[in-house]
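Pasting the structures here.
Each of the next two complexes has chain A plus one more chain, namely chain B in the first and chain C in the second.
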Partner chain A sequence: MVFGAVMIPIWSAASKAVKTTLSVRQVPYLAIGAAFSFVIMMFNVPIPGGSSGHAVGGVLVAILIGPWAACIAVTVALVIQALLFGDGGITAIGANSFNMAFVLPFIGYYVYKIISSGSPAGSTRRIIGAGAGAYAGICAAALFAGIEFGLQPLLYHTANGQALYCPYGLNVAVPAMLFGHLLFIGWVEVIVTALAVKYLQKQDAVFFDGGIS
Partner chain B sequence: MSNPLHKKHDFIERSILSALAFLKDATLSEEYANRKGFLQSLDPRFNTISFLAFLVTAVSLKSALLISSLYLLCLILATLSGIPIRKFLLRTLIFIPLFSLFIVLPTLFSFVTPGEPVWSFHVVGITGIITRPGLDGAVLFVVRVAASVSLVVLLSMTTRHSELLKVLRVFGIPQVFVLTVSMSYRYLYLFATMIENIFTAVKSRVGVVSHHRHGQNIVAWNIANTWNRTTQMSEDVYMAMLSRGYTGEPRLLSAFHAKPQDWLWLLCAVVICAFLFYKGYTL
Partner chain C sequence: MTLTRKLWIGIGVLIVLSPLGLIVPDYFKAGPAWGEWGMDEVQKMTGYVPKGFQRLSALWKAPLEGYAFQGWEGKDPFSTSFAYIISAIAGIAIIAVVAFLIGRVLAKEHE
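Right, the complex of A and B next:
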């Protein structure tokens, strides 16, 4: 709920950025971006060993439509997920949006921008930038989630010290969240984002000249 | 005949199943929302506000017993609303609460949560001691998750999704945002069907992909292709909106009408929450 309050100015800034940059014509574009960020999770990605995992795709959406529009698109996807499918939690929408609709697309997008700065739309540097951005974005989101979990036993506990929500402190929650993302989930995100950018470059490089930054 | 082990590891099959699971979930929810029942007869605005009140209560209470009483209320409401209890329990108790149990499992033991021991055991020379504070904390965590998930799932099963999205306006959320959410939800059906068709086509052409790199290329190409197809579609959608009189200012139809029983239900919900908060405070 605290993060709901934190997200209000961010959502407000995102609405203003989108309103001044996207034309009326692009309202369906934003809705499609939101639906796209939801369905990316339906794609199972094969990984070595015969198993498969799925990507979040927040950085890919940010590269395609810009970080502010991605902030709204991912928030919409999270609202639909929590409200209609009972997945993610209504009271956790603020924290989830902070991690996945703010930290993830913004860090990922600016890492991509720094690496690909000045390169032509069809260059390999853009693919590397997309992969690096995806990795940085998802790991940063995991780090923030770990910190949020780890702070809960310090902030919310009974008189005798029993944790009311997440039972693990920062020393457990942060490494637990980072371990899986640095070693496994982050790489799934890298593969999906970099390869999708590579294919989009082949199909139509003009996609990488737009966006709302 | 397909090998089940192969099926489990086949990313094509799993992608098709993910898309189908979404379509099945959405269709089933609409089916229950269209049935005649207690919660379905209420105004969606009052229904949503009352469930949010229950949810905030479940999240705020510090007693597993009081949260369990909210869970019991949820099961009674599900029965009164014509939701098959077995299906409801399967949907709400299997994945998320079991996952929560897995997360809190280490906190049961003395090496994470020291305190009064309630049970000890020896396995391969290692002594495990379950403590009272560890057990209490784990029970509270799992019961809270089960109650919260059940409340949200019951709300989404008994309210038509299009109406549930329109209710967002009650909370002062801008119309453009509500319009985007509503449009996205409609696209989801289309995209899920698209993904199912793409992967069924891939499967019929390549069978099972043996190397993960080949599979990753197929997935990335399909994500890029989905994006291309959908952006092309946005222009057609905009034209369709214009032809229906869209001027840039979204207007959503509202067919909500509050009845006396809606106000009565809201009053009951407030009384229940106030009572639980009071009991929680005095415990």
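Right, the complex of A and C next:
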């Protein structure tokens, strides 16, 4: 819930940035991006050790319409997930948005930018950049989620030491989140992002110069 | 065909395939994502229900809790997959409209 307060200036900055960068012709892609992120999160993938995880798709959305617009798209998906399906939970919208709608698209977008800068729109370097961005973005988001979970028992507990929320500390939460995402879910995000970028290159190579036209 | 139409068809394919995200983890007996436990799961792991968690989870009752229909718990995989697909369609319809409206309001100043 603390992250709700952190997200308010971020959402406000996102809407300001989108006002100057998003063209009316890109609006359908904002809707497609939000829908894509939502449906890709429904694909739970089992992780050895008895839990599961899912890709987010937010790096792909950031590559297509920019990280600020991706922030809005993923936020819409997370809010509807919580309200309609009880997934993530309404009190976790702030933290989930910070990780998946802010950290993930921004880290992913800039890694993609650094690797692919100067390369032709149809180049393999763009696909590699997109894949690397996807991996970096989701693993960074997982690390943040692990830290947020792990801090909960330190900050919130009853007088007799029972956790009020997450019962596991940093020593359990961070490795658990990183293990699943570095080894498994990160690669799902890589495959989804790289395949989509390859497909879009084939459809319309101009697509990648300054986002979608 | 326009690119946006092709991409919506792609979303449609993902909707039809979405029950894989339900069936595959079930097949491997995988639990939910780390930290996304329900109260019964936390109790099983730690022996108690965290009090703050219990209080917060009563704040909101989602109409399609868990991408399933109320009262369909424990139904056969076809029924739960059906509910999963309907949930995906409902979720995407609302998300697309909301995102589109936000986009229209924000991007309006360009043209």
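Throughout what follows, the second predicted complex is superposed on the first by the 187 of 213 C-alpha atoms of A that agree within 3 Å, B and C clash if a C-alpha of one lies under 4 Å from a C-alpha of the other, contacts with A are read in each partner's own complex, and residues count from 1 in each chain.
Quick note on the criterion: a residue touches a chain if its C-beta (ideal position, glycine included) is under 8 Å from a C-beta of that chain, and two chains touch if they have at least 3 such contacts.
What you see is a predicted model; the values in this text were computed from it and never measured.
A.B. asks: In the superposed arrangement, does A:Asn171 touch chain B (first), chain C (second), both or neither?
C.D. replies: It touches nothing on chain B or chain C.
A.B. asks: Could you look at A:Leu60 and tell me whether it touches chain B, chain C, both or neither (first, second, both, neither)?
C.D. replies: A:Leu60 contacts chain B only, not chain C.
A.B. asks: Using the superposition on chain A described above, determine whether A:Gln81 touches chain B (first), chain C (second), both, or neither.
C.D. replies: Touch partner of A:Gln81: chain C, not chain B.
A.B. asks: Go through the superposed model and pick first if A:Leu30 touches only chain B, second if only chain C, both, or neither.
C.D. replies: Once the two structures are laid over each other on A, A:Leu30 reaches both partners.
A.B. asks: Does chain B (first) or chain C (second) touch A:Asn160, or do both, or does neither?
C.D. replies: Touch partner of A:Asn160: chain B, not chain C.
A.B. asks: Have a look at where A:Ser117 lands relative to chain B and chain C in the superposition and call it first, second, both or neither.
C.D. replies: So A:Ser117 meets neither chain B nor chain C here.
A.B. asks: So in the superposed three-chain picture, is A:Leu195 touching just chain B, just chain C, both, or none of them (first/second/both/neither)?
C.D. replies: After superposing on A, A:Leu195 lies in contact with chain B but is clear of chain C.
A.B. asks: Which parts of chain A are in contact with chain B and also with chain C?
C.D. replies: 15, 19, 24, 26-32, 34-36, 38-40, 42-47, 50-52, 54, 72, 76-77, 80, 82-86, 89-91, 158, 162-165, 167, 200, 203-204, 207
A.B. asks: Can you list the residues on chain C that touch chain A in the complex?
C.D. replies: The contact residues of chain C facing chain A are 3-4, 6-8, 11, 14-15, 17-18, 20-22, 24-25, 27-36, 42, 45-46, 48, 50-53, 56-57, 59-67, 84, 87-88, 90-92, 94-100, 102-104, 106-111.
A.B. asks: Can you name the residues of chain A that touch chain B in the complex?
C.D. replies: Going by the criterion above, the answer is residues 15, 19, 24-32, 34-36, 38-48, 50-52, 54, 57, 60, 64, 72, 76-77, 79-80, 82-86, 89-91, 158, 160-165, 167-168, 191-192, 194-196, 198-200, 203-204, 207.
A.B. asks: For the complex, give me every residue of chain B touching chain A.
C.D. replies: 9, 11, 14-15, 18-19, 22, 25-26, 29, 52, 55-56, 59, 62, 92, 104, 107, 112-113, 133, 136-138, 140-141, 148-149, 152-153, 156, 161, 164-165, 168, 174, 176-177, 179-181, 183-185, 187-188, 191-192, 195, 209, 212, 215-217, 219-228, 230-231, 233-235, 237-238, 241, 248, 250
A.B. asks: Chain C touches which residues of chain A in the complex?
C.D. replies: 15, 18-19, 22-24, 26-36, 38-40, 42-47, 50-54, 69, 72-73, 76-77, 80-91, 145, 149, 156, 158, 162-167, 173, 176-177, 180, 200, 203-204, 207
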